[in-house]
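What follows is a pair of complexes built around subunit A, which joins subunit B in one and subunit C in the other.
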Partner chain A sequence: MQATQDIRKPVKERGVSGRTFRAAAWLGWQIESNWADPLIFFIYSVIKPLSGAAILVVMYSVITNGNFDDPMFAYIYLGNAFYIYVAAVLTGVSWTVIDDREIYRMLKYIYIAPVHVPVYLLGRGFAKFAFGSLAVFITIAAGVYFLDVPLDLSLVNWPLFAVSLTLGIVMLAMMGLVLGSVMLLIVNNANFMGEAVAGALYLFSGAVFPLSILPAWLQPVGYIIPISYWLELLRRSVVGQVAESFPTFSQFSDMQLLGILAGLTALFTVLGFVVFRYCDHQAREKGYLDRYSNF
Partner chain B sequence: MALTDRVPKNSGWRLFLQTVVGRAYPRIIGLLRELSWFFFEVFLPVLSVAAYVFIYRAIGAPDVYIGFVVMGGAMTAFWLNILWSMSSQMYWEKQTGNLALYIMAPNSLMAILLGMAFGGLFSTGLRALVITLVGTLLFDVSFEVSNYLLLFAVFMLTMVALYGLGMMTASLFLLLNREAWHYANLAQEPVYLASGFYFPIKSLDFWIAAGASFIPLTLGMDAMRQLSFSGGTELGFLPVQTELAILAGLCVVFLIGARWLLGYMERLAVREGRLTESRR
Partner chain C sequence: MLDAYPTITLLSLLTYPALHLGKKDYMDLAIHTEKLARVYKLRGSKKEEAKELVALRDINLDVRRGELFGLLGPNGAGKTTLIKILTTLLAPSSGVARVAGYDVAAEPEKVRPRINMVSGGESSGYGLLTVRENLWMFAQFYGIPSKLANERIKQLLEIVRMSDRMNTKSSDLSTGLRQKMNIVRGFLTDPEVLFLDEPTLGLDVEASMDVRNFVRGWMEGNRDRTLLLTTHYMVEADELCDRVAIINGGQVLACDTPANLKRQLQRDVIYRMEVSPLNGLQPEALEALGGVRKVSHEPKDGAAVLELILAEDDALGSVVNTLTGKDIHILNLQKREPSLEDVFVNLVGHSMKEAESGADGSSS
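After this line comes the complex of A and B, so read on.
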């Protein structure tokens, strides 16, 4: 009994969070990449996102006869490129629960190790963030060089871009922590959850079409999704003239949008740890930590 | 029962059929036992379909493209079934320890794959039907089928060729380990692109489309779109009759290829001791 109580105590040792994060990120990197040699892994990492982008390019090109100068193209292309982060970070953090509980069956050993579990989950997500960054960069570069996406590096608002990107990644990681925490309590279909959430956000966040295209009764959903504000800020910072063509968030200034994003990031940070604490307790009570279902 | 009594056992074609039914059974009954899987496997493609429909609306595409997207979204269910429940199935079976039992049992591995194919075809067909119905209702798609018999023939030939391809690739996965998951994952978006799941395949360069035609869904979907939508013929890649003939050829090639490759890969996997290894 005493042993159980000791395990349940949060690890207070100094520096343990940093060590946990680094080790988890390295582990995540190895899991993601060491199944193939670097060249095959590089090809694997870029083919998937480039194919996703190419589907949109062909769809757009067929209908508009290749009019890539229209702001709509840049809107779709860049929104899709930055959305790679959502799939990578949000589902990356939450998928770790499936990876460790169901596939590698190591979650119980992680729990008895001197680590801080939420930080461990975030560290594993960091590896996906790194791979996601590579995919985002290559997708955008391909768009600029081959499809004339109007991205001029001298016109980019770098401070706004850096702050928006950082806040957004933290927010996505915390949303991933919330999702991963909930997945601790789901035994049968947890593997669908990440995809379902990412798919729903793709549809409602205005990633690849302006929110005004959604039916009027669905548009409010887009306005309550934090990712909508994040993508708008990224577009404004990278291709300001394109963002101006779509009046969805024109009533907000850059600073107001940043304020909203910062507030939502803070909210999800608190929520992430609170929800983790609750779900972690429930999962221990119900014995879900070492339960697996061959997903 | 006395010890000397023997349980009657099938052999030959009866055992083959029994194996097919036995392996198809869990695929079909699983659909009824875990309804939440059915929900997610319908819900996720519908989300993708909705996103692509709204993109087409945002760029002012004609209505026929909305129908194309709904049909493509429904057909993703078959491709995902081929990838995750046919091709990589041998990998999963290896992980769970069933593969060695399949090899040890006195049945044909080909019959097991056929059982998977029949079971998968039934359960995936049901999912695709629901996706089509939901997509049609949500986005007001109107079908104008010009020839039901031909449409049915195209669909069936596409499925036979597709599941033949799945059986063939399943034997390749016999040799794979951790990388199996990644290869299956890799074969999603690129195939959606090359096979024209969300746009007419005619939009691609002729030789790219021709190259992608070895995936039966490429020509199958193109022919079904030509037969199902008003204006579909103008957007078709090849005449329907030609596509039908190519699909029939693919059926033969893939089924014979699956039988040959399965035998070869099984011998190779036995020789190299890969049937029971489990590296995650």
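After this line comes the complex of A and C, so read on.
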């Protein structure tokens, strides 16, 4: 090889992932924060999550005759609040494929650039995570101040919370990567997929009611959804006594749950990249990278 | 690796000279394709069975480093398909394509840092970013330091006379300006091989000229740069390209310098004849006359324009006789030098415009 003088330019091949992620996150941030109108921005980041929570609160109140002291209320309220992350990160990562290919029509230019496309998608999702965090924070704060959700900051198990949150977000991002990869192969009607998946998981992941409430034959569905374990860990770390009131996961210790979550995260990380590789290959075979459906 | 086994290397050099020379050639060639083909599977309505469309067949092309190479062909010829394959967006169905020395199918991650691509006539861009931000972001993807990127962006925007739009949101640009921005994105990363797919499509005369001048200047700036562009405009290919490949129905019909291509027609004489409507006369009938090589025909408000490629001047007489026999009047007659358009007509059998009106049927 040395014999042939290489007249090609040296190319910076190191640091590709880093720069891809930074630039993608920057772009995502611009898109998320660039609402021309502060009012629209306010509606999307504050009113929308709060009204979502409000619907739940009203329904709870009607069903239980306003029994807000039951640990069930905190269970539901927090589950719903953290679930904001699921929709934000899952759709944030996967929707980027549709956004870039069909709305901005830039996917092909991203693709031919020296970037790692999966890392690009994750970077774009990062901005959604940041804005999702704002919504989660506002929702929980509103719950604590107006509805007496029993959250005591001095009793929060912060290390457990931080580790669980991080693992869970990585897991969600990787699930988003799997979904986004599949979207590469769907030219029409892929737009609802992220929402549909997030919506379907909502019911069975123990977000709004404990799995133990589900009929016995449906409970396994909850147990195979990775998000269930994550939400349980978050509840335990934030309000331990509430989580204890429900038997669903009581057979698992914190460490066991964390182990399961870590394992699932690792699994989805591998899966994300494998599925991406496959779909990327297929998309190039079929010429889908610059196909536009007619919206 | 090779240093560790000097004898083996020497031996294999002797045994397989072709292999090693071949490897070296790839390095000198910016683009190399061998029997490259692409078939699209068309899924019609559910009842119909899947059809196949051959978009490219057996393309063998070599583009040297430093060349400004043009692909000329009508709609549906396969130009964009070829560019998509060369830029790693589309997998070839068979055959090999190498860009900057690397196989586009096997090593796309090696090809990508060395290329860039711009396709014209479409509106794309992150509309909520300003022109500068759009460009800056892409510079980031290519690992260009921020300061250098900003300098280049300023320079390039000046050249395309868009300096005053640097901080305009790209959604607020006209289609033409957005295309110029897109073109700047292509040059910004200073690729080894740049692909421009119809870069002047939809631009006004002045802007097209800007782009052509820009392309020329860029190529002169560094002799190692390679540029492949596709175009519909014969004149553009003629005045810009070092070499041109004429492509139709997924096949390369000819590939040479514009001068050489035209030289093939040097012994022929070419007339442009404006006549009254043809009264049902088929232009093909004229081709049957002795000494007439090719005739293309294009209606033009209440009249028709015939382009005649004749083997010798004398053939004009019989053409005129035939026309007057059909009561067709000659309104205007011009003899002219062969152009690439004539080369195209000579190779394809009809003009670019005629090819396009029947494009989809002819390419399957």
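The working rule: the second predicted complex is superposed on the first by the 276 of 295 C-alpha atoms of A that agree within 3 Å, B and C clash if a C-alpha of one lies under 4 Å from a C-alpha of the other, contacts with A are read in each partner's own complex, and residues count from 1 in each chain.
Assume a contact is a pair of C-beta atoms (placed from the backbone, for glycine too) under 8 Å apart; a residue touches a chain by one contact, two chains touch by 3 or more.
Every value quoted in this text rests on a predicted model; they were computed, and no experiment measured them.
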| item | value |
| --- | --- |
| Touching partner for A:284 - first (subunit B), second (subunit C), both, neither | second |
| Contacts of A:30 with subunit B and subunit C, given as first, second, both or neither | second |
| Contacts of A:238 with subunit B and subunit C, given as first, second, both or neither | neither |
| Contacts of A:47 with subunit B and subunit C, given as first, second, both or neither | first |
| Partner chain(s) touched by A:196 [first = subunit B, second = subunit C, both, neither] | first |
| First, second, both or neither for A:264, with subunit B first and subunit C second | neither |
| Which of subunit B and subunit C A:213 touches, first, second, both or neither | first |
| Subunit B versus subunit C as contact partner of A:110, first or second or both or neither | second |
| Subunit C-contacting residues of subunit A that also contact subunit B | 104 |
| Residue numbers on subunit C that touch subunit A, as the complex places them | 1-3, 23-24, 27-28, 40-41, 65, 84, 87-91, 100-101, 109, 112-117, 122-129, 133, 137-138, 140-143, 185, 192, 224 |
| In the complex with subunit C, residue positions of subunit A that touch it | 1-4, 6-9, 11-13, 15-16, 19-20, 22-23, 26-27, 30-31, 34, 104-106, 108-115, 281, 284-287, 289-290 |
| Subunit A partner contacts - residues on subunit B that touch it in the complex | 34, 36-37, 40, 43-44, 47-48, 50-52, 54-61, 65, 96, 178-179, 182, 185-186, 188-190, 192-193, 197-200, 203-204, 280 |
| Complex contact set, residues of subunit A against subunit B | 35-36, 44, 47-49, 51-52, 54-56, 58-64, 72, 76, 103-104, 188-189, 192, 195-196, 199-200, 202-203, 208-210, 213-214, 294 |
